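First up is the structure itself, then whatever we jot down about it.
Note that the chains take the letters A, B, C, D, E, F and G in the order they are written out, and that residue 1 is the start of every chain.
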Amino acid sequence: MSQTTAKRPLTTLQKNVKKQVIVRLKNEVEYKGKMSNVDSYMNLIMTEAEEHHDGKVIGKFARAILRGNNVLFIKLEDEI
Amino acid sequence: MSQTTAKRPLTTLQKNVKKQVIVRLKNEVEYKGKMSNVDSYMNLIMTEAEEHHDGKVIGKFARAILRGNNVLFIKLEDEI
Amino acid sequence: MSQTTAKRPLTTLQKNVKKQVIVRLKNEVEYKGKMSNVDSYMNLIMTEAEEHHDGKVIGKFARAILRGNNVLFIKLEDEI
Amino acid sequence: MSQTTAKRPLTTLQKNVKKQVIVRLKNEVEYKGKMSNVDSYMNLIMTEAEEHHDGKVIGKFARAILRGNNVLFIKLEDEI
Amino acid sequence: MSQTTAKRPLTTLQKNVKKQVIVRLKNEVEYKGKMSNVDSYMNLIMTEAEEHHDGKVIGKFARAILRGNNVLFIKLEDEI
Amino acid sequence: MSQTTAKRPLTTLQKNVKKQVIVRLKNEVEYKGKMSNVDSYMNLIMTEAEEHHDGKVIGKFARAILRGNNVLFIKLEDEI
Amino acid sequence: MSQTTAKRPLTTLQKNVKKQVIVRLKNEVEYKGKMSNVDSYMNLIMTEAEEHHDGKVIGKFARAILRGNNVLFIKLEDEI
(Lines give C-alpha, C1' and ligand atoms only; values in the text may rest on other atoms or scores of the structure.)
Protein backbone atom coordinates (compact mmCIF):
# COMPACT_ATOMS: atom_id res chain seq x y z
CA MET A 1 0.00 0.00 0.00
CA SER A 2 3.02 2.31 -0.09
CA GLN A 3 1.89 3.51 -3.52
CA THR A 4 -1.17 5.28 -2.12
CA THR A 5 -1.92 7.73 0.66
CA ALA A 6 -5.57 6.66 0.87
CA LYS A 7 -6.61 5.07 4.15
CA ARG A 8 -7.80 1.49 4.48
CA PRO A 9 -11.58 1.09 4.93
CA LEU A 10 -11.45 0.23 8.65
CA THR A 11 -9.06 3.10 9.38
CA THR A 12 -11.38 5.52 7.61
CA LEU A 13 -14.27 4.15 9.61
CA GLN A 14 -12.39 4.75 12.88
CA LYS A 15 -11.66 8.34 11.85
CA ASN A 16 -15.40 8.94 11.58
CA VAL A 17 -16.15 7.94 15.16
CA LYS A 18 -18.41 10.58 16.81
CA LYS A 19 -19.62 11.76 13.42
CA GLN A 20 -23.00 11.39 11.72
CA VAL A 21 -23.43 8.30 9.54
CA ILE A 22 -26.16 6.38 7.76
CA VAL A 23 -25.89 2.62 8.23
CA ARG A 24 -27.84 0.34 5.91
CA LEU A 25 -28.37 -3.22 7.08
CA LYS A 26 -28.96 -6.25 4.85
CA ASN A 27 -32.68 -6.12 5.68
CA GLU A 28 -32.79 -2.71 3.89
CA VAL A 29 -33.46 -0.75 7.10
CA GLU A 30 -31.28 2.33 7.62
CA TYR A 31 -30.03 3.91 10.82
CA LYS A 32 -29.16 7.61 10.76
CA GLY A 33 -27.33 9.06 13.76
CA LYS A 34 -24.00 9.43 15.49
CA MET A 35 -21.53 6.53 15.25
CA SER A 36 -20.23 6.66 18.85
CA ASN A 37 -17.84 3.83 18.20
CA VAL A 38 -17.08 0.92 15.88
CA ASP A 39 -14.77 -2.09 15.90
CA SER A 40 -12.99 -4.02 13.15
CA TYR A 41 -15.96 -6.38 12.77
CA MET A 42 -18.14 -3.29 12.07
CA ASN A 43 -20.07 -3.70 15.31
CA LEU A 44 -21.30 -0.16 15.91
CA ILE A 45 -22.60 1.98 18.74
CA MET A 46 -25.21 4.35 17.29
CA THR A 47 -26.58 7.20 19.42
CA GLU A 48 -29.54 9.53 18.91
CA ALA A 49 -30.48 7.54 15.85
CA GLU A 50 -33.51 7.31 13.60
CA GLU A 51 -34.56 4.07 11.94
CA HIS A 52 -35.69 4.53 8.32
CA HIS A 53 -37.41 2.20 5.87
CA ASP A 54 -38.80 3.05 2.44
CA GLY A 55 -38.14 6.73 3.12
CA LYS A 56 -40.12 6.81 6.39
CA VAL A 57 -38.95 7.12 9.98
CA ILE A 58 -40.08 3.90 11.67
CA GLY A 59 -38.28 4.26 15.00
CA LYS A 60 -35.88 6.20 17.20
CA PHE A 61 -33.49 5.23 19.94
CA ALA A 62 -31.00 6.87 22.28
CA ARG A 63 -28.29 4.26 21.96
CA ALA A 64 -27.91 0.82 20.40
CA ILE A 65 -25.27 -1.71 19.45
CA LEU A 66 -25.59 -2.94 15.83
CA ARG A 67 -24.00 -6.30 15.12
CA GLY A 68 -21.43 -5.90 12.34
CA ASN A 69 -22.31 -8.93 10.24
CA ASN A 70 -25.64 -7.32 9.32
CA VAL A 71 -24.06 -4.18 7.81
CA LEU A 72 -24.41 -3.59 4.07
CA PHE A 73 -22.71 -0.20 4.00
CA ILE A 74 -22.00 2.87 6.11
CA LYS A 75 -22.36 6.29 4.47
CA LEU A 76 -20.00 8.84 5.91
CA GLU A 77 -21.80 12.13 6.08
CA ASP A 78 -18.91 14.38 5.29
CA GLU A 79 -21.31 17.22 4.63
CA ILE A 80 -23.30 17.04 7.84
CA MET B 1 -8.25 4.59 19.51
CA SER B 2 -6.26 6.98 21.67
CA GLN B 3 -7.98 9.90 19.94
CA THR B 4 -11.36 9.12 21.49
CA THR B 5 -12.72 8.39 24.95
CA ALA B 6 -15.71 6.49 23.56
CA LYS B 7 -15.87 2.83 24.47
CA ARG B 8 -15.71 0.01 21.96
CA PRO B 9 -19.08 -1.64 21.19
CA LEU B 10 -18.41 -4.83 23.17
CA THR B 11 -17.13 -2.88 26.18
CA THR B 12 -20.25 -0.73 26.16
CA LEU B 13 -22.35 -3.87 25.97
CA GLN B 14 -20.59 -5.32 29.03
CA LYS B 15 -21.22 -2.12 30.97
CA ASN B 16 -24.95 -2.61 30.43
CA VAL B 17 -25.06 -6.06 32.02
CA LYS B 18 -27.97 -6.25 34.50
CA LYS B 19 -29.75 -3.38 32.75
CA GLN B 20 -32.90 -3.36 30.62
CA VAL B 21 -32.36 -3.81 26.88
CA ILE B 22 -34.37 -4.52 23.75
CA VAL B 23 -32.77 -7.15 21.50
CA ARG B 24 -33.96 -7.45 17.91
CA LEU B 25 -33.13 -10.67 16.12
CA LYS B 26 -32.79 -11.13 12.35
CA ASN B 27 -36.25 -12.72 12.23
CA GLU B 28 -37.66 -9.32 13.37
CA VAL B 29 -38.76 -10.60 16.80
CA GLU B 30 -37.75 -8.42 19.75
CA TYR B 31 -36.92 -9.40 23.31
CA LYS B 32 -37.40 -6.79 26.04
CA GLY B 33 -35.98 -7.54 29.48
CA LYS B 34 -32.88 -7.60 31.62
CA MET B 35 -29.59 -8.55 29.96
CA SER B 36 -28.17 -10.70 32.80
CA ASN B 37 -24.98 -11.33 30.88
CA VAL B 38 -23.42 -11.25 27.42
CA ASP B 39 -20.20 -12.49 25.82
CA SER B 40 -18.06 -11.18 22.97
CA TYR B 41 -20.04 -13.24 20.42
CA MET B 42 -23.21 -11.42 21.65
CA ASN B 43 -24.63 -14.60 23.18
CA LEU B 44 -26.99 -13.15 25.80
CA ILE B 45 -28.77 -14.23 28.96
CA MET B 46 -32.12 -12.45 29.07
CA THR B 47 -34.25 -12.59 32.22
CA GLU B 48 -37.86 -11.61 32.88
CA ALA B 49 -38.27 -10.91 29.20
CA GLU B 50 -41.17 -10.28 26.85
CA GLU B 51 -41.15 -11.41 23.24
CA HIS B 52 -42.60 -8.82 20.84
CA HIS B 53 -43.55 -8.99 17.17
CA ASP B 54 -45.38 -6.37 15.13
CA GLY B 55 -46.00 -4.38 18.30
CA LYS B 56 -47.67 -7.26 20.17
CA VAL B 57 -46.43 -9.35 23.10
CA ILE B 58 -46.24 -12.91 21.77
CA GLY B 59 -44.45 -14.59 24.68
CA LYS B 60 -42.76 -14.26 28.05
CA PHE B 61 -40.00 -16.19 29.74
CA ALA B 62 -38.08 -16.15 33.02
CA ARG B 63 -34.65 -16.79 31.55
CA ALA B 64 -33.22 -17.68 28.15
CA ILE B 65 -29.93 -17.82 26.30
CA LEU B 66 -30.04 -16.06 22.91
CA ARG B 67 -27.41 -17.20 20.39
CA GLY B 68 -25.35 -14.20 19.33
CA ASN B 69 -25.26 -14.82 15.59
CA ASN B 70 -29.00 -14.09 15.37
CA VAL B 71 -28.72 -10.58 16.86
CA LEU B 72 -29.50 -7.60 14.62
CA PHE B 73 -29.10 -4.94 17.30
CA ILE B 74 -29.37 -4.35 21.04
CA LYS B 75 -31.01 -1.12 22.22
CA LEU B 76 -29.60 0.11 25.48
CA GLU B 77 -32.42 1.55 27.50
CA ASP B 78 -30.56 4.36 29.14
CA GLU B 79 -33.84 5.93 30.16
CA ILE B 80 -35.44 2.93 31.83
CA MET C 1 -16.20 -9.03 34.34
CA SER C 2 -15.05 -8.52 37.93
CA GLN C 3 -17.86 -5.97 38.40
CA THR C 4 -20.59 -8.58 38.17
CA THR C 5 -21.37 -11.91 39.77
CA ALA C 6 -23.59 -12.95 36.84
CA LYS C 7 -22.37 -15.96 34.89
CA ARG C 8 -21.42 -15.84 31.23
CA PRO C 9 -24.04 -17.27 28.84
CA LEU C 10 -22.18 -20.51 28.12
CA THR C 11 -21.44 -21.12 31.81
CA THR C 12 -25.11 -20.65 32.64
CA LEU C 13 -26.00 -23.06 29.87
CA GLN C 14 -23.63 -25.69 31.33
CA LYS C 15 -25.20 -25.29 34.76
CA ASN C 16 -28.54 -26.26 33.24
CA VAL C 17 -27.34 -29.61 31.90
CA LYS C 18 -29.82 -32.38 32.87
CA LYS C 19 -32.60 -29.80 33.30
CA GLN C 20 -35.69 -29.15 31.20
CA VAL C 21 -35.30 -26.55 28.42
CA ILE C 22 -37.14 -25.31 25.37
CA VAL C 23 -34.90 -24.86 22.34
CA ARG C 24 -36.14 -22.78 19.41
CA LEU C 25 -34.36 -23.26 16.10
CA LYS C 26 -34.14 -20.72 13.29
CA ASN C 27 -36.84 -22.61 11.37
CA GLU C 28 -39.27 -21.70 14.22
CA VAL C 29 -39.60 -25.32 15.44
CA GLU C 30 -39.22 -25.81 19.20
CA TYR C 31 -37.87 -28.77 21.13
CA LYS C 32 -39.03 -29.25 24.72
CA GLY C 33 -37.21 -31.81 26.84
CA LYS C 34 -34.14 -32.52 28.91
CA MET C 35 -30.84 -30.97 27.81
CA SER C 36 -28.58 -33.96 28.54
CA ASN C 37 -25.51 -32.05 27.47
CA VAL C 38 -24.32 -29.03 25.49
CA ASP C 39 -20.99 -27.73 24.20
CA SER C 40 -19.63 -24.23 23.60
CA TYR C 41 -20.95 -24.24 20.02
CA MET C 42 -24.45 -24.90 21.46
CA ASN C 43 -24.58 -28.41 20.00
CA LEU C 44 -27.11 -30.07 22.31
CA ILE C 45 -28.19 -33.55 23.33
CA MET C 46 -31.93 -33.48 23.96
CA THR C 47 -33.66 -36.47 25.56
CA GLU C 48 -37.33 -37.37 25.92
CA ALA C 49 -38.20 -34.36 23.83
CA GLU C 50 -41.29 -33.10 22.03
CA GLU C 51 -41.13 -31.18 18.79
CA HIS C 52 -43.54 -28.23 18.63
CA HIS C 53 -44.62 -25.95 15.81
CA ASP C 54 -47.39 -23.34 15.87
CA GLY C 55 -48.44 -24.59 19.30
CA LYS C 56 -48.87 -28.21 18.20
CA VAL C 57 -46.78 -31.30 19.02
CA ILE C 58 -45.45 -32.50 15.64
CA GLY C 59 -43.02 -35.17 16.84
CA LYS C 60 -41.32 -36.92 19.74
CA PHE C 61 -37.95 -38.58 20.13
CA ALA C 62 -35.94 -40.38 22.81
CA ARG C 63 -32.62 -38.72 22.08
CA ALA C 64 -31.19 -36.39 19.44
CA ILE C 65 -28.20 -34.20 18.77
CA LEU C 66 -29.14 -30.67 17.65
CA ARG C 67 -26.46 -28.82 15.69
CA GLY C 68 -25.66 -25.57 17.49
CA ASN C 69 -25.61 -23.22 14.51
CA ASN C 70 -29.37 -23.67 14.08
CA VAL C 71 -30.22 -22.48 17.60
CA LEU C 72 -32.15 -19.22 18.00
CA PHE C 73 -32.52 -19.39 21.77
CA ILE C 74 -32.73 -21.80 24.69
CA LYS C 75 -35.30 -21.10 27.40
CA LEU C 76 -34.18 -22.31 30.79
CA GLU C 77 -37.20 -23.68 32.58
CA ASP C 78 -36.33 -22.59 36.06
CA GLU C 79 -39.88 -23.28 37.13
CA ILE C 80 -40.19 -26.80 35.85
CA MET D 1 -17.77 -30.66 33.18
CA SER D 2 -16.60 -32.58 36.25
CA GLN D 3 -20.04 -32.06 37.79
CA THR D 4 -21.76 -34.32 35.28
CA THR D 5 -21.27 -37.81 33.92
CA ALA D 6 -23.22 -36.97 30.74
CA LYS D 7 -21.19 -37.11 27.55
CA ARG D 8 -20.58 -34.10 25.31
CA PRO D 9 -22.70 -34.03 22.12
CA LEU D 10 -19.88 -35.00 19.75
CA THR D 11 -18.73 -37.84 22.01
CA THR D 12 -22.27 -39.19 22.14
CA LEU D 13 -22.45 -38.96 18.37
CA GLN D 14 -19.23 -40.98 18.03
CA LYS D 15 -20.61 -43.66 20.33
CA ASN D 16 -23.51 -44.12 17.92
CA VAL D 17 -21.31 -44.92 14.92
CA LYS D 18 -22.61 -48.06 13.14
CA LYS D 19 -26.07 -47.55 14.64
CA GLN D 20 -29.32 -46.49 13.02
CA VAL D 21 -30.04 -42.75 12.99
CA ILE D 22 -32.41 -40.27 11.38
CA VAL D 23 -30.68 -37.15 10.09
CA ARG D 24 -32.77 -34.09 9.27
CA LEU D 25 -31.15 -31.49 7.05
CA LYS D 26 -32.01 -27.79 6.93
CA ASN D 27 -34.02 -28.34 3.74
CA GLU D 28 -36.42 -30.53 5.81
CA VAL D 29 -35.39 -33.77 4.06
CA GLU D 30 -34.61 -36.70 6.38
CA TYR D 31 -32.19 -39.58 5.93
CA LYS D 32 -32.86 -42.82 7.81
CA GLY D 33 -30.13 -45.44 7.85
CA LYS D 34 -26.86 -46.52 9.41
CA MET D 35 -24.40 -43.81 10.43
CA SER D 36 -21.19 -45.57 9.33
CA ASN D 37 -19.05 -42.72 10.57
CA VAL D 38 -19.11 -39.05 11.54
CA ASP D 39 -16.53 -36.36 12.27
CA SER D 40 -16.51 -33.34 14.57
CA TYR D 41 -17.98 -31.13 11.85
CA MET D 42 -20.93 -33.57 11.65
CA ASN D 43 -19.96 -34.76 8.17
CA LEU D 44 -21.58 -38.19 8.07
CA ILE D 45 -21.31 -41.42 6.12
CA MET D 46 -24.81 -42.89 5.81
CA THR D 47 -25.30 -46.43 4.46
CA GLU D 48 -28.38 -48.30 3.33
CA ALA D 49 -30.38 -45.13 3.80
CA GLU D 50 -33.82 -43.93 2.81
CA GLU D 51 -34.55 -40.32 1.96
CA HIS D 52 -37.85 -39.05 3.41
CA HIS D 53 -39.84 -35.87 2.83
CA ASP D 54 -43.33 -35.06 4.10
CA GLY D 55 -43.65 -38.64 5.37
CA LYS D 56 -42.86 -40.24 2.00
CA VAL D 57 -39.80 -42.17 0.85
CA ILE D 58 -38.36 -40.11 -2.02
CA GLY D 59 -35.09 -41.98 -2.55
CA LYS D 60 -32.68 -44.67 -1.43
CA PHE D 61 -28.93 -45.04 -1.60
CA ALA D 62 -26.26 -47.53 -0.60
CA ARG D 63 -23.77 -45.03 0.74
CA ALA D 64 -23.40 -41.24 0.84
CA ILE D 65 -21.41 -38.52 2.54
CA LEU D 66 -23.60 -35.76 4.03
CA ARG D 67 -21.87 -32.42 4.53
CA GLY D 68 -22.10 -31.47 8.21
CA ASN D 69 -23.09 -27.82 7.82
CA ASN D 70 -26.48 -28.86 6.42
CA VAL D 71 -27.45 -30.90 9.48
CA LEU D 72 -30.35 -29.69 11.63
CA PHE D 73 -30.38 -32.64 14.02
CA ILE D 74 -29.54 -36.32 14.30
CA LYS D 75 -32.00 -38.58 16.10
CA LEU D 76 -30.31 -41.48 17.81
CA GLU D 77 -32.52 -44.51 17.45
CA ASP D 78 -31.89 -46.09 20.79
CA GLU D 79 -34.95 -48.26 20.31
CA ILE D 80 -34.09 -49.68 16.92
CA MET E 1 -11.94 -43.76 17.05
CA SER E 2 -9.98 -46.86 18.06
CA GLN E 3 -13.27 -48.64 18.78
CA THR E 4 -14.27 -48.73 15.10
CA THR E 5 -12.69 -49.78 11.85
CA ALA E 6 -14.99 -47.52 9.82
CA LYS E 7 -13.26 -44.71 7.97
CA ARG E 8 -13.88 -41.04 8.66
CA PRO E 9 -16.11 -39.29 6.10
CA LEU E 10 -13.30 -37.38 4.38
CA THR E 11 -11.10 -40.48 4.18
CA THR E 12 -13.93 -42.41 2.59
CA LEU E 13 -14.42 -39.59 0.13
CA GLN E 14 -10.74 -39.70 -0.84
CA LYS E 15 -10.95 -43.44 -1.42
CA ASN E 16 -13.66 -42.81 -4.00
CA VAL E 17 -11.53 -40.50 -6.15
CA LYS E 18 -11.77 -41.55 -9.82
CA LYS E 19 -15.08 -43.30 -9.18
CA GLN E 20 -18.61 -42.39 -10.23
CA VAL E 21 -20.57 -40.22 -7.79
CA ILE E 22 -23.76 -38.18 -7.64
CA VAL E 23 -23.31 -34.80 -5.99
CA ARG E 24 -26.37 -32.88 -4.85
CA LEU E 25 -25.91 -29.17 -4.22
CA LYS E 26 -28.01 -27.01 -1.90
CA ASN E 27 -29.91 -25.61 -4.90
CA GLU E 28 -31.25 -29.17 -5.52
CA VAL E 29 -29.29 -29.64 -8.75
CA GLU E 30 -27.39 -32.94 -9.05
CA TYR E 31 -24.15 -33.73 -10.86
CA LYS E 32 -23.54 -37.30 -11.96
CA GLY E 33 -20.09 -38.21 -13.20
CA LYS E 34 -16.54 -39.10 -12.20
CA MET E 35 -15.11 -37.44 -9.09
CA SER E 36 -11.59 -36.82 -10.40
CA ASN E 37 -10.47 -35.32 -7.13
CA VAL E 38 -11.74 -33.75 -3.92
CA ASP E 39 -10.21 -31.86 -1.00
CA SER E 40 -11.09 -31.64 2.69
CA TYR E 41 -13.41 -28.68 2.06
CA MET E 42 -15.35 -30.92 -0.40
CA ASN E 43 -14.26 -28.85 -3.40
CA LEU E 44 -14.58 -31.39 -6.22
CA ILE E 45 -13.34 -31.92 -9.75
CA MET E 46 -16.12 -33.61 -11.71
CA THR E 47 -15.44 -34.98 -15.20
CA GLU E 48 -17.76 -36.24 -17.94
CA ALA E 49 -20.68 -35.15 -15.81
CA GLU E 50 -24.38 -34.65 -16.38
CA GLU E 51 -26.38 -31.99 -14.58
CA HIS E 52 -29.81 -33.18 -13.39
CA HIS E 53 -32.82 -31.33 -12.00
CA ASP E 54 -36.26 -32.74 -11.29
CA GLY E 55 -35.24 -35.98 -12.98
CA LYS E 56 -34.17 -34.33 -16.25
CA VAL E 57 -30.71 -33.84 -17.74
CA ILE E 58 -30.28 -30.05 -17.98
CA GLY E 59 -26.61 -29.90 -18.95
CA LYS E 60 -23.34 -31.71 -19.56
CA PHE E 61 -19.73 -30.75 -19.14
CA ALA E 62 -16.30 -32.28 -19.64
CA ARG E 63 -14.75 -30.98 -16.44
CA ALA E 64 -15.72 -28.58 -13.67
CA ILE E 65 -14.68 -27.54 -10.18
CA LEU E 66 -17.58 -27.51 -7.70
CA ARG E 67 -17.08 -25.30 -4.66
CA GLY E 68 -17.39 -27.42 -1.52
CA ASN E 69 -19.59 -25.13 0.55
CA ASN E 70 -22.50 -25.73 -1.85
CA VAL E 71 -22.49 -29.51 -1.37
CA LEU E 72 -25.47 -31.13 0.35
CA PHE E 73 -24.32 -34.72 -0.08
CA ILE E 74 -22.25 -37.00 -2.29
CA LYS E 75 -23.64 -40.42 -3.15
CA LEU E 76 -20.95 -43.01 -3.64
CA GLU E 77 -21.98 -45.26 -6.45
CA ASP E 78 -20.60 -48.48 -5.12
CA GLU E 79 -22.68 -50.41 -7.63
CA ILE E 80 -21.64 -48.55 -10.73
CA MET F 1 2.28 -19.21 -9.50
CA SER F 2 5.73 -18.88 -11.04
CA GLN F 3 4.33 -20.14 -14.33
CA THR F 4 2.24 -17.01 -14.89
CA THR F 5 2.81 -13.27 -14.84
CA ALA F 6 -0.87 -12.58 -14.13
CA LYS F 7 -1.58 -10.90 -10.80
CA ARG F 8 -3.63 -12.50 -8.05
CA PRO F 9 -7.20 -11.12 -7.70
CA LEU F 10 -6.54 -9.12 -4.52
CA THR F 11 -3.33 -7.62 -5.94
CA THR F 12 -5.19 -6.55 -9.06
CA LEU F 13 -7.86 -5.01 -6.88
CA GLN F 14 -5.24 -3.01 -4.96
CA LYS F 15 -3.75 -1.74 -8.22
CA ASN F 16 -7.14 -0.24 -9.07
CA VAL F 17 -7.38 1.89 -5.95
CA LYS F 18 -8.39 5.47 -6.87
CA LYS F 19 -9.90 4.28 -10.15
CA GLN F 20 -13.52 4.03 -11.26
CA VAL F 21 -15.26 0.72 -10.55
CA ILE F 22 -18.73 -0.77 -10.55
CA VAL F 23 -19.46 -2.89 -7.49
CA ARG F 24 -22.42 -5.26 -7.55
CA LEU F 25 -23.67 -6.50 -4.21
CA LYS F 26 -25.56 -9.74 -3.57
CA ASN F 27 -28.84 -7.79 -3.35
CA GLU F 28 -28.35 -6.85 -7.06
CA VAL F 29 -27.74 -3.15 -6.32
CA GLU F 30 -24.70 -1.63 -8.06
CA TYR F 31 -22.41 1.17 -6.94
CA LYS F 32 -20.57 3.13 -9.59
CA GLY F 33 -17.81 5.50 -8.46
CA LYS F 34 -14.21 5.77 -7.32
CA MET F 35 -12.79 2.93 -5.21
CA SER F 36 -10.78 5.06 -2.77
CA ASN F 37 -9.48 2.00 -1.00
CA VAL F 38 -10.09 -1.70 -0.42
CA ASP F 39 -8.79 -4.38 1.93
CA SER F 40 -8.25 -8.12 1.55
CA TYR F 41 -11.77 -8.82 2.81
CA MET F 42 -13.09 -6.63 -0.06
CA ASN F 43 -14.33 -3.95 2.34
CA LEU F 44 -14.33 -0.87 0.09
CA ILE F 45 -14.36 2.88 0.39
CA MET F 46 -16.42 4.27 -2.49
CA THR F 47 -16.44 8.00 -3.19
CA GLU F 48 -18.66 10.15 -5.42
CA ALA F 49 -20.75 7.10 -6.15
CA GLU F 50 -24.11 6.44 -7.71
CA GLU F 51 -26.38 3.62 -6.57
CA HIS F 52 -28.06 1.77 -9.46
CA HIS F 53 -30.85 -0.81 -9.57
CA ASP F 54 -32.62 -2.16 -12.63
CA GLY F 55 -30.81 0.39 -14.79
CA LYS F 56 -31.96 3.40 -12.74
CA VAL F 57 -30.03 5.69 -10.41
CA ILE F 58 -31.64 5.23 -7.00
CA GLY F 59 -29.16 7.16 -4.85
CA LYS F 60 -25.90 9.08 -4.60
CA PHE F 61 -23.37 9.55 -1.85
CA ALA F 62 -20.08 11.34 -1.27
CA ARG F 63 -18.34 8.53 0.58
CA ALA F 64 -19.31 5.16 2.02
CA ILE F 65 -17.76 1.98 3.38
CA LEU F 66 -19.16 -1.19 1.77
CA ARG F 67 -18.78 -4.35 3.84
CA GLY F 68 -16.84 -6.92 1.81
CA ASN F 69 -18.97 -9.98 2.51
CA ASN F 70 -21.83 -8.46 0.49
CA VAL F 71 -19.78 -8.09 -2.70
CA LEU F 72 -20.71 -10.21 -5.73
CA PHE F 73 -18.17 -8.72 -8.11
CA ILE F 74 -16.20 -5.56 -8.87
CA LYS F 75 -15.90 -4.43 -12.49
CA LEU F 76 -12.67 -2.65 -13.20
CA GLU F 77 -13.38 0.15 -15.59
CA ASP F 78 -10.20 -0.01 -17.60
CA GLU F 79 -11.78 2.13 -20.26
CA ILE F 80 -12.97 4.98 -18.06
CA MET G 1 -3.01 -38.58 -1.93
CA SER G 2 -0.03 -40.69 -2.95
CA GLN G 3 -2.40 -43.30 -4.36
CA THR G 4 -3.57 -41.02 -7.17
CA THR G 5 -1.98 -38.86 -9.82
CA ALA G 6 -5.05 -36.66 -10.12
CA LYS G 7 -4.54 -33.06 -9.09
CA ARG G 8 -6.35 -31.44 -6.19
CA PRO G 9 -9.22 -29.11 -7.18
CA LEU G 10 -7.37 -25.86 -6.43
CA THR G 11 -4.23 -27.02 -8.26
CA THR G 12 -6.32 -27.89 -11.30
CA LEU G 13 -7.94 -24.47 -11.11
CA GLN G 14 -4.52 -22.79 -11.08
CA LYS G 15 -3.45 -24.78 -14.14
CA ASN G 16 -6.37 -23.27 -16.03
CA VAL G 17 -5.33 -19.66 -15.44
CA LYS G 18 -5.44 -17.73 -18.76
CA LYS G 19 -7.88 -20.24 -20.23
CA GLN G 20 -11.57 -19.91 -21.04
CA VAL G 21 -14.00 -20.89 -18.27
CA ILE G 22 -17.67 -20.60 -17.40
CA VAL G 23 -18.32 -19.55 -13.83
CA ARG G 24 -21.77 -20.05 -12.35
CA LEU G 25 -22.59 -18.05 -9.24
CA LYS G 26 -25.14 -18.98 -6.57
CA ASN G 27 -27.61 -16.47 -8.05
CA GLU G 28 -27.67 -18.63 -11.25
CA VAL G 29 -25.89 -16.02 -13.38
CA GLU G 30 -22.98 -17.32 -15.48
CA TYR G 31 -19.81 -15.59 -16.59
CA LYS G 32 -18.07 -16.84 -19.70
CA GLY G 33 -14.59 -15.55 -20.48
CA LYS G 34 -10.91 -15.83 -19.66
CA MET G 35 -9.94 -16.62 -16.06
CA SER G 36 -6.95 -14.29 -15.78
CA ASN G 37 -6.22 -15.41 -12.28
CA VAL G 38 -7.73 -17.12 -9.24
CA ASP G 39 -6.77 -17.61 -5.59
CA SER G 40 -7.40 -20.40 -3.10
CA TYR G 41 -10.63 -18.76 -1.97
CA MET G 42 -11.84 -18.92 -5.61
CA ASN G 43 -11.74 -15.14 -5.99
CA LEU G 44 -11.35 -14.77 -9.77
CA ILE G 45 -10.25 -12.20 -12.29
CA MET G 46 -12.40 -12.61 -15.40
CA THR G 47 -11.51 -10.76 -18.60
CA GLU G 48 -13.43 -10.21 -21.83
CA ALA G 49 -16.41 -11.90 -20.24
CA GLU G 50 -20.07 -12.23 -21.06
CA GLU G 51 -22.75 -12.42 -18.39
CA HIS G 52 -25.45 -15.01 -19.14
CA HIS G 53 -28.81 -15.72 -17.53
CA ASP G 54 -31.51 -18.10 -18.74
CA GLY G 55 -29.54 -18.62 -21.94
CA LYS G 56 -29.33 -14.91 -22.81
CA VAL G 57 -26.37 -12.54 -22.76
CA ILE G 58 -27.30 -9.87 -20.19
CA GLY G 59 -23.99 -8.02 -19.96
CA LYS G 60 -20.34 -7.78 -20.96
CA PHE G 61 -17.26 -6.46 -19.26
CA ALA G 62 -13.55 -6.08 -19.93
CA ARG G 63 -12.34 -7.14 -16.52
CA ALA G 64 -13.89 -7.93 -13.14
CA ILE G 65 -13.05 -9.50 -9.80
CA LEU G 66 -15.60 -12.12 -8.70
CA ARG G 67 -15.71 -12.80 -4.96
CA GLY G 68 -15.06 -16.48 -4.37
CA ASN G 69 -17.77 -17.18 -1.80
CA ASN G 70 -20.43 -16.65 -4.48
CA VAL G 71 -19.08 -19.35 -6.80
CA LEU G 72 -21.19 -22.47 -7.39
CA PHE G 73 -18.89 -24.08 -9.95
CA ILE G 74 -16.31 -23.31 -12.62
CA LYS G 75 -16.47 -25.24 -15.89
CA LEU G 76 -13.10 -25.73 -17.46
CA GLU G 77 -13.47 -25.40 -21.18
CA ASP G 78 -10.97 -27.99 -22.22
CA GLU G 79 -12.40 -27.94 -25.71
CA ILE G 80 -12.29 -24.22 -26.34
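In the analysis below, contacts are C-beta pairs under 8 Å (C-beta built on N, C-alpha and C of every residue); 3 or more make two chains touch, one makes a residue touch a chain.
Given the structure is predicted, the values throughout are model-derived calculations rather than measurements.
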Using the touch definition up top, find the fewest steps from chain B to chain D. 2
Tell me which chains count as touching both chain B and chain E. none
Distance between the centres, which are taken as Cα means, of chain B and chain A, whole angstrom: 19
Distance between chain A and chain C based on Cα centroids, please, to the nearest Å. 34
Between chain C and chain F, centroid-to-centroid distance (C-alpha), Å: 43
Which positions in chain A touch two or more other chains at once? 69
List the ring in order: which chains come, beginning at chain A and going next to chain B? A, B, C, D, E, G, F
Per the contact definition, I'd like the list of chain B residues that touch chain C in the complex. 14, 17-18, 25, 27, 36-39, 43-45, 61-67, 69-70
Interface residues, chain A side, partner chain F - complex: 1, 4, 6-10, 12-13, 26, 28, 42, 68-69, 71-79
